[in-house]
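Step one of this worksheet: look at the structure below.
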Amino acid sequence: MDELLQSIEQKVRPLIGSGKVADYIPALAKVNPNQFGIAIYSNNGELYHTGQADVEFSIQSISKVFSLTLAMKHYGEDMWQRVGREPSGNPFNSLVQLEYEAGIPRNPFINAGALVVSDMNQSRFATPHYAMREYLRRLSGNENLTSDKVVANSEYEFRARNASMAYLMKAFGNFHNDVEEVLHNYFDNCAMRMNCIDLAKAFSFLANKGYCQHSGEQIISAREAKQVNGLLATSGLYDEAGNFAYRVGLPGKSGVGGGIVAIVPNRFSVCVWSPELNTSGNSLAGIAALEALSDSIGWSVFG
Amino acid sequence: MDELLQSIEQKVRPLIGSGKVADYIPALAKVNPNQFGIAIYSNNGELYHTGQADVEFSIQSISKVFSLTLAMKHYGEDMWQRVGREPSGNPFNSLVQLEYEAGIPRNPFINAGALVVSDMNQSRFATPHYAMREYLRRLSGNENLTSDKVVANSEYEFRARNASMAYLMKAFGNFHNDVEEVLHNYFDNCAMRMNCIDLAKAFSFLANKGYCQHSGEQIISAREAKQVNGLLATSGLYDEAGNFAYRVGLPGKSGVGGGIVAIVPNRFSVCVWSPELNTSGNSLAGIAALEALSDSIGWSVFG
Amino acid sequence: MDELLQSIEQKVRPLIGSGKVADYIPALAKVNPNQFGIAIYSNNGELYHTGQADVEFSIQSISKVFSLTLAMKHYGEDMWQRVGREPSGNPFNSLVQLEYEAGIPRNPFINAGALVVSDMNQSRFATPHYAMREYLRRLSGNENLTSDKVVANSEYEFRARNASMAYLMKAFGNFHNDVEEVLHNYFDNCAMRMNCIDLAKAFSFLANKGYCQHSGEQIISAREAKQVNGLLATSGLYDEAGNFAYRVGLPGKSGVGGGIVAIVPNRFSVCVWSPELNTSGNSLAGIAALEALSDSIGWSVFG
Amino acid sequence: MDELLQSIEQKVRPLIGSGKVADYIPALAKVNPNQFGIAIYSNNGELYHTGQADVEFSIQSISKVFSLTLAMKHYGEDMWQRVGREPSGNPFNSLVQLEYEAGIPRNPFINAGALVVSDMNQSRFATPHYAMREYLRRLSGNENLTSDKVVANSEYEFRARNASMAYLMKAFGNFHNDVEEVLHNYFDNCAMRMNCIDLAKAFSFLANKGYCQHSGEQIISAREAKQVNGLLATSGLYDEAGNFAYRVGLPGKSGVGGGIVAIVPNRFSVCVWSPELNTSGNSLAGIAALEALSDSIGWSVFG
């Protein structure tokens, strides 16, 4: 496996230079683009990694999956009254569909959906970001995880579009807490710094019927894990979910920090990272690496 | 397995009466709603079925998958210049997205996408519908398959919305043949009559790395089979792809005739049929049956 | 007045060269761009003109006003069940709004609206185009007016987008006749050839409380004339109605042939023509000429 | 004239009861619906009125015209870089078009447009609302005009949709000041209380080539007055601009407080008020009264 990972790294590193690091906030724009890491964690607890798998990056939208599974514990099936389960067909930060569909976001992985889920968590936790940080430390087994305040503050400063979405949902009655407070917690969660190894371990419960072996906890039920993976497969990669299913064939979630996690149900969780993004906002080298992995070991869940 | 199928039939039959048979054309509206059938075909050639699995019905949109795999042989990757691979997020017969996206339909399983694929086949075959009929007879092993002329003519009579889409794509240069001719072939394909057993067998190549064992043919490559399944998982069930991934967790394709096919990669192909539809246009009892099956034998590809 | 017209011609002729002749069909693209004409017809029967005011051109969308007033005689207020009276806010040939608003076009001056009005006239006249030609000959006092068959056939050949709109309205039940037949009559009407003098005279009834002095006919009632002018003021210039109200301040209607007619209520009808169009599809020199006229003699109805 | 106004009042009062008072904020919902007033002010300084023409009401969106003319003095033609001049074709508070058109609102009379104009005024005045109050006192000749703090606070409390629009424009770079501050000033302006007489006088400059006779000031140029009237004619009545042009034929502006002002260029300014609204958000009895007036004295600018 180590050999395979190294050969994949060699294959995709040349792609670095043809993508573009996220630059909508200064704090993200200054990351060194010339980085690549991958980590694979098996349901038996085996860990494989190569490249900069131990370098922390901003998890950004990957945090949306954790927000969702955290909220599922408190809201169960009721949560689907406030957020849908269908692909959106529109950019991740569009307001058009949100207005046509009366403030109910299409799914929990577009920004509007993640904001509603954050609003739910805001109603349940006294300090939602600390609850999330604690949750991520437990899931990853890394007690030192923290959020990058510079990034979080920068996101907040450039919050206009997310604020617009939150207020639109509030206008439709689908946002219950103070917009500014929820945004602060939302950005703190997005700004969590984790490395590929942390994330591969933190996502292992989705590959393992909801069970996190290193913490010994049943995070969500086996049925819920299967459901979350189904949602990731249809809506986890922004505008590129169909293409990712076509090329890679795994449930996954990407973030503009350049990370992508993918689940091989009942076997592995994977995290790949490289900061340069393609035009859909997904890590260019990351997708190529996952495609190569999928081809090499027949990982696609689709055949 | 036979026992399981019978228990599922008993479980979902009571749902009949709470859906609605498709009535947009008279020829479909008069089907007896009180029918249910299911057939499962394994990669070893074993066949299981129960209920009205041998009663023919109108395959309707299920034909879109066959049109696609037929066109893939002739166009390969080039075909994705003219049709996308992403979920649409809009109703299957909407023109809004088509106009905003310059006449390139989102995927081959919404009507606009299937019309473009039909237009491709029109350019390659002298008599496209007969090519399709021959293809379906080979895939199903049933030499008697025919199209229902009454249904096809009725579809043609009420062709206005499909004609509107075809002309809009023509206005954008993404439709090369005569609109009326393509529509005739498209409706003839939709009006093919097949039963659950026919369809389970005809779809077996998608479960079997592109290989159709009963005809001994490699229909498409293993890689292509995996890709088609990926597209089905993200776009195969109209507005309900996300929900189907959440509840059932299999690549699938539905039709307004009440049929749904699903693929269990490397193991089985399944067809379930019951004419009453839910509000998304998918067989109500059909989805319930697939969910029960998925729960019983852990079929979901997602865990 | 003649002097004023000549000074305006001198002022706007230099603009020729900065616009673009309509080229969506070959038959229109080959017109000599270096032409400009203007004609003013007073309610007293005085005629003033300059430039190529006697050169015929393709009236195109200007015909939509005649179709409307012809239909008003037969349908009266009932016609507003099938077509709205509001500005569209979308390009003249867009389908988006038409789909969202269930096949009811926003107003009679966008293409979809004019097609519905043509469909109404199709239901009332055995030979709708001949009825229109006869109507235009009477209104203009020119017995020799004809339609350009080459242009009409070329429009028909490139009918895809208009056909798409017509079929979409048919799908919503708002189109009663055969699409192809209505399109033929519609394009024959658009292809009518008239010069500035013909059009100034033909529109005089809208400036004169519905009365056409040279034919001695009350074409529509004074109230209806006022109403049609109101609709022209809000929806007569495609995407530029607001700008035209701001700069010129008169009810008007433009066509892609480069003609623009404007009404000075109770005083004059005007037609200006120059083939090059601005980015909104309106005659570039034409709008400039009308603005200069409006400024010179205080014609704006708005102050 | 007094007699005419009384006969019109008698004619339209029975309509009261078939509309609906604005109830999106509690402070507006409690107004007594059984009220009607009208005032006409001539360019000679003659004043005619009947009914509750001296009862103050919340001017709401009518304030958008004053914001515009105030900003025009400071920005001139430059202001049209940040806001368009075309009818929107969408509800006054929609975000869809705003997103498609990169944060440039269609015109200054939909909410988004008025918010941009308020943002411009915020950049020019230390205390924008006090500048507006002073401006309105001068224009109306009524030194006692004030804003209703209860209404303004209630609007602010339910600001979500307006906040959403402002933040969306900020995301596109078309909003320069703090959203909350601009909203406060915007709502204070909307909550100004004026009666029909105040408003007829305050709008007289638009009927009088930009000149306000009772204050002796040239408020804007004659050319600008004509331009503003042109914009009002195409965009002043929300979704009903076309219908208002068809039925009444005057530039006008309505507010959800039930007021409507209309301009008879070079002759009169008019204000009519009755709190119940039609489904487009315009005063039901108000529009009927203006239509009756227009019919009686041939006021339509369109013939």
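Read from first to last, the chains carry the letters A, B, C and D; within each, the first residue is number 1.
As a working rule, a residue touches a chain if its C-beta (ideal position, glycine included) is under 8 Å from a C-beta of that chain, and two chains touch if they have at least 3 such contacts.
These numbers come from a predicted model, not from an experiment.
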item	value
Interchain contact steps from subunit A to subunit C (minimum; 1 if touching)	2
Same or different residue numbers at the subunit A/subunit B copy interface, by half rule	same
Rigid-body rotation angle, subunit D and subunit A, from Cα fit (steps of 5°)	180
Inter-chain centre distance, subunit B versus subunit C - centres from mean C-alpha coordinates, in Å	47
Distance between the centres, which are taken as Cα means, of subunit D and subunit B, whole angstrom	55
Geometric centre distance via CA averages, subunit B-subunit A, whole Å	32
In subunit C, residues with contacts to at least two other chains	none
Chain-chain contacts as defined at top	A-B, A-D, B-C, C-D
Subunit C residues touching subunit D - in the complex, by the definition given at the top	84-90, 97, 106-107, 206-207, 209, 222-223, 225-227, 229-231, 233-235, 239-243, 245-247, 249, 251, 263, 265-266, 300-303
Residue ranges of subunit B in contact with subunit C within the complex	94-96, 99-100, 159-161, 163-168, 170-171, 175, 179
